[in-house]
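First chain written, first letter: the chains are A, B, C and D, and each begins at residue 1.
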Amino acid sequence: MVNSVSNMEEYILLIEGKDRPGLIFEITGIIFRFGLNIISNHEYVDPENTTFFMRSEFVGRLDEQVFLTQLRDSLNSGFQVSLRKKEKKKIIVFASREHHCLADLLIREEFDTLNAEIVCIISNFSDLASLATMFNKQYHYIAHANLTRAEHERIILEIVDQARPDYLVLAKYMRIFTAEFVNQYRGRIVNIHHSFLPAFIGREPYEQAYDRGVKMIGATAHFVNEKLDEGPIIVQEVIRINHKYTIDDMRQAGKDAEVLALHKALKYVFEDRVFISGKKTILFN
Amino acid sequence: MVNSVSNMEEYILLIEGKDRPGLIFEITGIIFRFGLNIISNHEYVDPENTTFFMRSEFVGRLDEQVFLTQLRDSLNSGFQVSLRKKEKKKIIVFASREHHCLADLLIREEFDTLNAEIVCIISNFSDLASLATMFNKQYHYIAHANLTRAEHERIILEIVDQARPDYLVLAKYMRIFTAEFVNQYRGRIVNIHHSFLPAFIGREPYEQAYDRGVKMIGATAHFVNEKLDEGPIIVQEVIRINHKYTIDDMRQAGKDAEVLALHKALKYVFEDRVFISGKKTILFN
Amino acid sequence: MVNSVSNMEEYILLIEGKDRPGLIFEITGIIFRFGLNIISNHEYVDPENTTFFMRSEFVGRLDEQVFLTQLRDSLNSGFQVSLRKKEKKKIIVFASREHHCLADLLIREEFDTLNAEIVCIISNFSDLASLATMFNKQYHYIAHANLTRAEHERIILEIVDQARPDYLVLAKYMRIFTAEFVNQYRGRIVNIHHSFLPAFIGREPYEQAYDRGVKMIGATAHFVNEKLDEGPIIVQEVIRINHKYTIDDMRQAGKDAEVLALHKALKYVFEDRVFISGKKTILFN
Amino acid sequence: MVNSVSNMEEYILLIEGKDRPGLIFEITGIIFRFGLNIISNHEYVDPENTTFFMRSEFVGRLDEQVFLTQLRDSLNSGFQVSLRKKEKKKIIVFASREHHCLADLLIREEFDTLNAEIVCIISNFSDLASLATMFNKQYHYIAHANLTRAEHERIILEIVDQARPDYLVLAKYMRIFTAEFVNQYRGRIVNIHHSFLPAFIGREPYEQAYDRGVKMIGATAHFVNEKLDEGPIIVQEVIRINHKYTIDDMRQAGKDAEVLALHKALKYVFEDRVFISGKKTILFN
């Protein structure tokens, strides 16, 4: 259907590039001349790097190729322009042994409040296979024992590449990806971290938190980059605790915070509301 | 200095009117042609009444009259257009006997974090006169005893009209204004309500809340309209409580929530981030 | 096994009655003389009705009948004394058409974080039968069409009475019980309310909330009494929203708040941490 | 008035020591035999070190010496027993250049909601002297230039020792005390930390937070020990922020969180609700 005019559709236009005067005028002018009706518009210029970010939601009939060509000609080669239809994302969910985030996503998909289709589940453990079965989902159990990290990732990549997902969601996947893997899906891997970053990085976070006597337990949903625990933060949540919490109670509070932070972050990501600017996210909500 | 070009200034442009295609393009086009540099831009169309709201922050040298004339010509008579310099608002604070909100505002003004100048304080009680004196503020004690509501308001209006404030802040002012008074300062009176509206309207809210056994105490900052407790809500805050809270403890929690809600609401209002759309507020933050 | 000494067990002792000096001393004396080891102890006297509430958690070997007899003799007939082993509660979950609370409870039971066994699900609609099936749960679909309220309840009561549950959990069960039904399970029915009580009681709460332009959406978990929406509150939760929320967005935020409030309330209830004192709850956490 | 019986008074009894069976029975027995009426009672055993903590609030006429002697005889030398009347604490507030926490405490004292008397203010800067004057408070400006840390502290200690305060409150006092100083007032120095500990310890926390792109800003009120930033945490607060926050906006959000955390912590401390157990606090609220 190349170059043919679409039916009435809801579109999301994402633009980023070096800021210069008149950008909004240029872009909205093209949208206007194509007869599109803007529903909402967000722009932001990151003062650190003077990068311009724009998200525009509009409705109309559109020859997408012609529209994109005009936009790209008007802007320039340094700009990233992406036109998306408002539709469900395709995702692969990675998990290890803890069920809580995966279960929440499965329930949300089942009742159509996730705004995404879970193509399959990949795990380095077999623990959650039965959960996947309950929801009639394919579960790839890929044990990492006796495999090098590269070999393990190669098997995973085969599945992932073939499925062509929009996003990879690490729902308590307790294994680190190599920089090569991350690069291949840069900006498209969302992780939930067991902590209110940057606190309690590393092993046994709840033991650390218990030992420190904290009064709140947090969780952080973030994009993954090559440095573990340092990707751009999307959403953070905290839950108040008190001195009576055992390490297990803290762990359960942490899980509740993780579920909250992850599905809130995914809501924004799947609605194309999140840009990455250097080490941070711009969140148009 | 009519029609003369200003020095480099920071401006805020506020526009509201009936939505139509191309509005953002039109408006940003004029901003662009005047050589102004947009720092941030917010637009929103209220789906209920298809009213378009826009707030644009920009920097530049500007012949304000010419600019406004062009804008108004391009839009039409149904539009409200307001161009403001980024500067402190002038406010009058109204209080009765409770100190907490007034004291918070005085401290914030004193240390220059209020973004407003408190021109004077008006009260129907003398209790807080000494607080005003500590901060070297004029305190108009206008008792309402032996006065009709109209007479009382007439005295107040004389002071208010002469001071020409941008906003009237009711910081626990426990007296209701007439519709005439409200109309004269429509959209410019901010009140703090002792409750998480619409719950516990009316007398003795903490007795009601205690009786009902609630687990959270709230406060609501809102614009005042002619119907008491029903003006557009700007900010709501809640504080968790437990069964050990006495009515007095609840009252104190309520005060803490009121202080939070009021200064957060005023921050948005004084930065020109709040539009009123029917019974609601649009908050560009 | 009447009157025989148990193995080492974890017990929870719940006592309520008219306060008088020395109660704690009396009660802890008996606990001490039975050689039991107190792990945690909570007492509270409601100042409104001078009722004494105590929850004591201890470990030991115990002839339960002898222990209870001594306690009841030492206190008096006006006291309610209940000795429970720390074990999972048996519950029946009621639902109508909305899945979110039921699904959350099923997942928590499945992964053993609910602290309860869901004996069966009762619904006046068939919508959630497939969800029940996924979790291998019995689902009683009892349509109310063509039945009087009394007839409908009689069918339900047969199932409930036979199952002998500790609690009935109304997980978005959109039908009102009669006073007779409530009385039979008084203090043992937990409901989740679509609102931050006492606001937005009645029909179409989100339409009301949208219309009012609120900035937070709440949910209230409470015990059910004969007056709808007025039973003692256990937990309240709120979620911040903004002007961009449609009624559907508010409804989804409400559902997220409901899930949070309900499972938090149930955690306290199932751990025997909640007393009812008049129109309020005492929550020992 | 040694050994004479008091009038009807409200007392708070604080006990800590090695846990053993029957402690509550022993202690409440003595309270009972002295004819005292318990209003509230909290006990907790820290599972890490099996230390027993108890806070009992009661009313009655009491020969304090006889009561304490009986209690100490019944317990043993390893126990710390403290009997306090319910009365305002005497405090010294330390500040440097930032006003927000000091101003909040001064307002609360002025309107009698602090539950403490501010004996005087000590600062290593002169900036806040005028604030102190407004509230008619003595302000000791003790510059640290040209003084060794020991010399500086010696001057401070003279003032402090003479005033005999119950607590020292570091309300943004940006100077570290020596271990000797801390030891002398161990468990009686409360600090407000510019961060959600343990994140962003050290210099320029808001620059660090900005750089990391966090979505929440926190503050931690804690007791001071000899290791900076590592004393037992009393209260933590967070405030949500977004990508539009500049470093200055984050700093202001941080200040608002600090004010909240500090006065909440002080409320608990001044009501004798906080015990220190190793590196943590037990908070009976």
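Definition applied: a contact is a pair of C-beta atoms (placed from the backbone, for glycine too) under 8 Å apart; a residue touches a chain by one contact, two chains touch by 3 or more.
What you see is a predicted model, and the numbers here were worked out from it, not measured in a lab.
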- Under the touch definition above, the chains in contact with both subunit C and subunit D are A, B
- Item | Pair of chains joined by more contacts [C-beta pairs], B-D or A-D | A-D
- Note on the structure: Taking each chain's centre as the mean of its CA atoms, the one lying farthest from the centre of subunit A is chain D
- Whole-angstrom distance, CA centroid of subunit A to CA centroid of subunit D, is 42
- Message: Based only on mean CA positions, could you tell me how far subunit B sits from subunit D in angstrom?
- Response: 37
- Query: What parts of subunit C, by residue number, touch at least two of the other chains?
  - Reply: 40, 44, 242, 244
- Message: Taking the touch rule as given, give the residues of subunit B at its contact with subunit A in the complex, in rising order.
- Response: 21-22, 24-25, 28-29, 31-32, 35, 37-45, 240
- Query: Which part of subunit D faces subunit A closely enough to touch in the complex?
  - Reply: 44, 46-47, 196-200, 211-216, 218, 232-236, 238, 242-244, 246, 277, 279-283
- If you look only at subunit A, which of its residues touch subunit C in the complex? 40, 99-100, 103-104, 107, 110-111, 113, 131, 134-135, 242, 244, 252, 260, 285
